[in-house]
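Scroll down for the structure; my scribbles are underneath it.
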Amino acid sequence: MAGGDEPVGPTDAAAVPRFAGVGTFARLPALAEVPRWDIAVVGIPFDGGTSYRPGARFGPAAVRQGSRLLRPYNPAQETLPFALAQVVDAGDIACTPFSTEEAVNQIQAAADSLLETGGRLVAIGGDHTVALPLLRATARRHGPVALVHFDAHLDTWDTYFGQRFTHGTPFRRAWEEGLLRTDRSVHVGLRGPLYADTDLTDDSGMGFAQVTTDDVATRGVAAVAQQVLARVGDAPVYVSVDIDVLDPAHAPGTGTPEAGGLTSRELLSLVRALEPATIVGADVVEVSPAYDQSEITAVAAAHVLYDLLTLMARRPVPA
Amino acid sequence: MAGGDEPVGPTDAAAVPRFAGVGTFARLPALAEVPRWDIAVVGIPFDGGTSYRPGARFGPAAVRQGSRLLRPYNPAQETLPFALAQVVDAGDIACTPFSTEEAVNQIQAAADSLLETGGRLVAIGGDHTVALPLLRATARRHGPVALVHFDAHLDTWDTYFGQRFTHGTPFRRAWEEGLLRTDRSVHVGLRGPLYADTDLTDDSGMGFAQVTTDDVATRGVAAVAQQVLARVGDAPVYVSVDIDVLDPAHAPGTGTPEAGGLTSRELLSLVRALEPATIVGADVVEVSPAYDQSEITAVAAAHVLYDLLTLMARRPVPA
Amino acid sequence: MAGGDEPVGPTDAAAVPRFAGVGTFARLPALAEVPRWDIAVVGIPFDGGTSYRPGARFGPAAVRQGSRLLRPYNPAQETLPFALAQVVDAGDIACTPFSTEEAVNQIQAAADSLLETGGRLVAIGGDHTVALPLLRATARRHGPVALVHFDAHLDTWDTYFGQRFTHGTPFRRAWEEGLLRTDRSVHVGLRGPLYADTDLTDDSGMGFAQVTTDDVATRGVAAVAQQVLARVGDAPVYVSVDIDVLDPAHAPGTGTPEAGGLTSRELLSLVRALEPATIVGADVVEVSPAYDQSEITAVAAAHVLYDLLTLMARRPVPA
Amino acid sequence: MAGGDEPVGPTDAAAVPRFAGVGTFARLPALAEVPRWDIAVVGIPFDGGTSYRPGARFGPAAVRQGSRLLRPYNPAQETLPFALAQVVDAGDIACTPFSTEEAVNQIQAAADSLLETGGRLVAIGGDHTVALPLLRATARRHGPVALVHFDAHLDTWDTYFGQRFTHGTPFRRAWEEGLLRTDRSVHVGLRGPLYADTDLTDDSGMGFAQVTTDDVATRGVAAVAQQVLARVGDAPVYVSVDIDVLDPAHAPGTGTPEAGGLTSRELLSLVRALEPATIVGADVVEVSPAYDQSEITAVAAAHVLYDLLTLMARRPVPA
Amino acid sequence: MAGGDEPVGPTDAAAVPRFAGVGTFARLPALAEVPRWDIAVVGIPFDGGTSYRPGARFGPAAVRQGSRLLRPYNPAQETLPFALAQVVDAGDIACTPFSTEEAVNQIQAAADSLLETGGRLVAIGGDHTVALPLLRATARRHGPVALVHFDAHLDTWDTYFGQRFTHGTPFRRAWEEGLLRTDRSVHVGLRGPLYADTDLTDDSGMGFAQVTTDDVATRGVAAVAQQVLARVGDAPVYVSVDIDVLDPAHAPGTGTPEAGGLTSRELLSLVRALEPATIVGADVVEVSPAYDQSEITAVAAAHVLYDLLTLMARRPVPA
Amino acid sequence: MAGGDEPVGPTDAAAVPRFAGVGTFARLPALAEVPRWDIAVVGIPFDGGTSYRPGARFGPAAVRQGSRLLRPYNPAQETLPFALAQVVDAGDIACTPFSTEEAVNQIQAAADSLLETGGRLVAIGGDHTVALPLLRATARRHGPVALVHFDAHLDTWDTYFGQRFTHGTPFRRAWEEGLLRTDRSVHVGLRGPLYADTDLTDDSGMGFAQVTTDDVATRGVAAVAQQVLARVGDAPVYVSVDIDVLDPAHAPGTGTPEAGGLTSRELLSLVRALEPATIVGADVVEVSPAYDQSEITAVAAAHVLYDLLTLMARRPVPA
């Protein structure tokens, strides 16, 4: 943290038990409680773009509840992330549940406003629709970004029921709007049936690289991680994690489950391997708590967020 | 049933176990399997108008699954409903999940089309938004109807997030459009906090009578039933049952639960007491299966539907 | 208790916490731990006669687990039941899961054997099929019994898929075999759709009286209790409780749920009202734990069993 | 509200959807966000005094989540409670999970501190152990109080495993310490097995009146409500609601469930009937979310709290 | 597809949302809706042969519901399976729930009848008992088959409780009846305790090869897949998948769970590796929905079925 | 087994179905039913040391229920464990739920008493606090032991809320008391956030080796197993398995879940690899059934116990 004072960290678990007190992410300070901030966790409880099992509107509340066990030291990265940067919980972005188009604009405006007051955002969805306005706000500050997209699905479909803004289309919209460096972008964790082989060829036609879960299984986590890093190069990176990249065993609480996914251990390793990259924004989306069991999904999502925050805290970005 | 032949009834449970085979409501024939029909059960899997816990889009599938135990003879009404009228399952009305306005139009068009081929509709929601297009289609045939509305909530709010079509507004829209005989309409089962006392006065200003669950508890089911019958008089009646009229113990699987509700026994008695009324259409809405437990809600909804169908079968309506 | 010594009671909760230790019903002594016994709780984990949701084979284990909070003093009956009689847990009767006919014979043989060593049996099902062999064993000692049958269903159907022994037929078989004083027998809690009105007329033709849940709601618990007592008179009584007599809200964990049932409070009151009767045997059946939620059903069943045991302890039967 | 300005109310649901944003009780302002307060909701996430199913430490978080649907106008009491008084969420009291004695002292100290800055407390448990320190803090300001205690259990046992402070003993301790006007106190909702009849006679020997759920069923809610009001007279009243006073169907999420309980409708009516009483403090305890299903219990608890807050807002107490 | 016209494919998800409408497997046409068919999915809702947790009778309904997200293009096999062959849903085979022997005969007769009208069957269980009649019907057309059997268990036990037809015995019966080329057959996924080492030696004495999950872990999916292919050679293959071959994390919804199983990714890879084989029939059994969580098991089963169907569509079998 | 007679084995599943009868671990004889014993399974239902999600007090009952499918022959170890040694279920150790310090002493005393009558103990927790008294009792007989500790967490913290005996501190206490050969001890399965890097350095300062789940993933199960064996050498070994070493997908039913854990297959392989070691005691702890789903966790724990018992039966220890 540039400047003098220490960041304000999470509530001390030696004073307040983890099951008690403030419900912010990782028990971090709320945005209003600190004078300045570097990285903000923000909830976006919108699921109007969901095509199958809805409920990701309750995702932010559930992931925060599932983050209560997060402690300050990240041994996998040998870092105290909340000491390196002022990380805060910026609460939720309010938007209409009834119109995806209007919600997209509201989210974008709110993200823009937030970014005017600080550094970088890490969002908790909500469904994947929310990635588009976040990319807009991010690209406005950092230019087109390399997308590292963990997901069972491509999310580069065009429209669904005539709707251009859904959880299956954010990255086509982002590509159309020039928000992405698709030559430096990659999907990781693809699997499951598609509509046609043109789903894949259209997607690669936009420039995306594609890594399936079978690739991860066959070639190994380390090799895939190297491929991803080589892909993004030194471009500014946006990491978008659809929790359905995990196998339903590891993420029952999501809307469009596909068998054959990653384990949480694989996903955490792949995320941590992004250490050399400069991450300018991130999201973890599609946690649908009504389908979660014993917080399996919420805990996995919270851990992914924690590792993303650690990566970002370790590698500051010039304002 | 006018004309010669016997209605086609449900699959014979002595030939096909109840857990096996066709998944239509009460194992009734599908619409395409019969030459003509009197009453059609139709699913409307739309929940885009939901303000809190979503998921009623899976309501039709769950209620059908919960209806597998329904047998042909209704002892409470001493009737074989499926022998009195040709009751069918007309499947689901397809509509966009992304726009309430567009969905309302699609549902109305589909209901109109259905009604051109037969008699009366009993819908399975979906959220309460679907009542508006159903009332439009019903009123087109029968003129303004008396509404008997079982619900914890008034559903006569005006807009929410600027949206005129939501699950909290169908009956204001219907009133505005002249679809209701509000002088003959009544809410039953009201309870829970409101925004302001004007919620109630606005509603009664539109002409609705209001019966709370406390009224049911204090005055008894029989007295309330008499009040409802007196209210509707000889007007054609549309019965709309939001399953959240039941206590959360009796209907955990719904989106906006309010403590202090009816028991399923009270609701069934109140429904059956409508026997003298001429029911020209009905719906049972807001079953949200992701929140259901062991089919408690789905079974209750299926039983309410069964008694509504029986009432309607007993009292034919001129085509 | 005839003879000198005090009955052995449940494990002392001041010495062993209720969540610890022995898993017998109400933490009572096992049959092998006492020199003699008056009333034995016995599990019959058989569900091969189930027509819809199976799983009652796990009923005895679940009801025992749900009985751990039962304390020694019954304030509703102002009695210390386990001090009045030696009540034991006789474990489970083992029988084949694959043949209802063979299982019925095995259960009867085991019940007969048990009864040769002591007093009366209170069984935990298992599905309702098990009532038939229990009635055979009971009638062999006490002659035909008055049946007080709490159930949503009549269970006097004839056959199902050609099978004479199922959970829908035990009382027709018992009637055919002369095990019942049907002129003194009654069903309580009937509701839900039937196959035909002949279901009811056949049943009353065998002599049964019928009390619906609507009767309970309309006439009240006290009046129905009086009717039941008048019905049984001074005949020896067998009480058979299908837990689906409760509303699905009060008993989600069962196989053929019907909306509109009794509350657990109503059922307990009706059971306790049997105080003047001489109960020679009893069962509580159809708890299917895979469908239970937070032990709602198991706890209700355990409480019903506890009140039945108390009634029986208060009114000894000559050996 | 004494002084000029209007109380700060809940977050506007027309601006922020109910599933979004701040997680305080009923979306009320946090204590730090207002200059002064009249009534504070405070969580006490302690369950170290639990004898059976633990987990009430997560009760405050769950009840807050279950309170998101509470709207500002209470039609049952025809009151806008949050306009009559400044109601706030004071967060959670932190205390050790490992020692009931130490926790009791920590809770008492925290309650005392809170009360020095404002008016009255309404606590969310935690297990029933927390009632003792709350009564201490309350009696220090208001003298001995009349206790209106809704519970399946007496909670006037002496010790358990040698421990004087458990969830089964708070009111004996309170009686010993002279915190209660036991001649004006009453238990409502008693049922279920006890250790001995001396449980009851000891309790009445301390002065308590006892109302069972059978009394409620037999005599009716209105008569019991009158009895309670007559009992408390004009004494300052402390209302303690163990959520297990509800039937397990209405409150599966609790630690020591007993069949045969109240419905949520009955409980809400009994609470609202306390309108003439002067309530100086209250708690709702024993919500154990790991056993809850679809928020049935949390919603019931939230509604009870809402009606308690409304009563208290309507009837200010001199500072 | 031999002959002129295109196969009829699944319902178009751009017209009918996936949560709406027809409940056939993968939203395929029902058998009655097409003039001819190549491969039929058929449910066999029988679980009378279950030795532990029952409920697989609800398996077909659950797997169909879990198949709603299946799209037409299989990227792992680079195939549009439903364009290569006419795949249909043939509904459920009705059979008695009360007698395994009778049910086995009914299933066989129904399978025979079906096969007279078209090509090959892929069955959804039901418990593993159903594999025997399916093998009989298959062998009648194709002669003895090589069995590729994914399962935690051998299922070559002899009898259980004197019963020859149970879910633990189908492959011994099949071997006795000469339905299998056991020299070309293999179990994959074995693990968990057995009765004795003779379970294994008896099984290999019949000719089966045995692959444990430890083999898969140690030698890798590719090597095991090669072994399986080498084993079956060019024999006609029947694939039988007991879903308990998956770890309980990946398939909680089954009757006899064993820790240490396959992941869904491993199973899908092993199935897809059967590409060179000529599959003449298949089943996926032992999905027990009452134990499933958020459709984890049902989705995994649906994906396995989808890959089996794709393999079969790619490699037609002469009629 | 030294001496003449055969050990008494589990209840015969051919006589009593697995879902029926005695609820001891693996249906083994109770301690009182055999004249002598070699290895005793003992429950310790204590969770007073839990810092987050409680409920492990119900662990012994759940793991026993989850052990009903365990059969006598262990194919992974090619052993009939219950024929090699007399294994019994010694029931539960009763201790206060209200004081960790007192409970620790009670558990130690009970373990000591048990050990005076037989051989070795394998405990079912309860939370991890129980390992300390077990280590005391073990070390008294065998001297300081090598600890093989499977856990996500170090459990060598010092105090929490001033409490020295909690589930996060047993191995620091054990080290302080000289119960461990920390030069021969190792943690396996570490992951998840910590308080500070000093957590790790303090721990290694005590002598422990540390193996993370990333180590297992990167280096493989076999290499880690070799490392563990080399570490323990020929010292007497105590194996302590916190079930949270498994990923939440494989063990949802636990109190402090951390994403990225082991699979049940990996854990079983690591346990079995201890074959050359001389195990003098063991525990499997932290199963919290209220958070379990379909017995996933209980079954995994039961299988781990079964393999531990097999190892111990194969390698007797001089009395």
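Read from first to last, the chains carry the letters A, B, C, D, E and F; within each, the first residue is number 1.
Simple rule for what comes next: contacts are C-beta pairs under 8 Å (C-beta built on N, C-alpha and C of every residue); 3 or more make two chains touch, one makes a residue touch a chain.
Fair warning: this is a prediction, and the values are worked out from it, not measured in the lab.
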What is the graph distance from chain A to chain E, where chains are linked when they touch? 1
Higher-contact pair (C-beta pairs counted), C-D versus D-F: C-D
Please pick, from B-D, C-E or D-F, the pair whose interface repeats that of A-E, with more than half of the contact pairs identical by residue number. B-D
For chain C and chain F, let me know how many angstrom lie between their CA-based centres, rounded off. 40
When the C-alpha atoms of chain E and chain F are each averaged to a single point, how far apart are the two points in Å? 37
Chain B, residues touching no fewer than two other chains: 17, 19, 51, 53, 57-58, 96-97, 160-161, 247, 249-250, 263, 291, 293
Can you name every pair of chains that touch? A-B, A-D, A-E, A-F, B-C, B-D, B-E, C-D, C-E, C-F, D-F, E-F
What residues on chain C touch chain D, complex-wise? 13-14, 17-19, 68-76, 78, 80, 221-222, 247, 249-250, 263-266, 268-269, 293-296, 299-300, 302-304, 306
Residue positions on chain B within touch of chain D in the complex are 51-53, 160-161, 190-197, 199-200, 212-214, 217-218, 247-250, 252-253, 256-261, 263, 291-293
Tell me, which parts of chain C touch chain F in their complex? 15-17, 19-23, 43, 45, 57-58, 60-61, 64-65, 91-97
Complex contacts: residues of chain E adjacent to chain C: 47-51, 53-55, 57-58, 96-100, 160-163, 166, 290-291
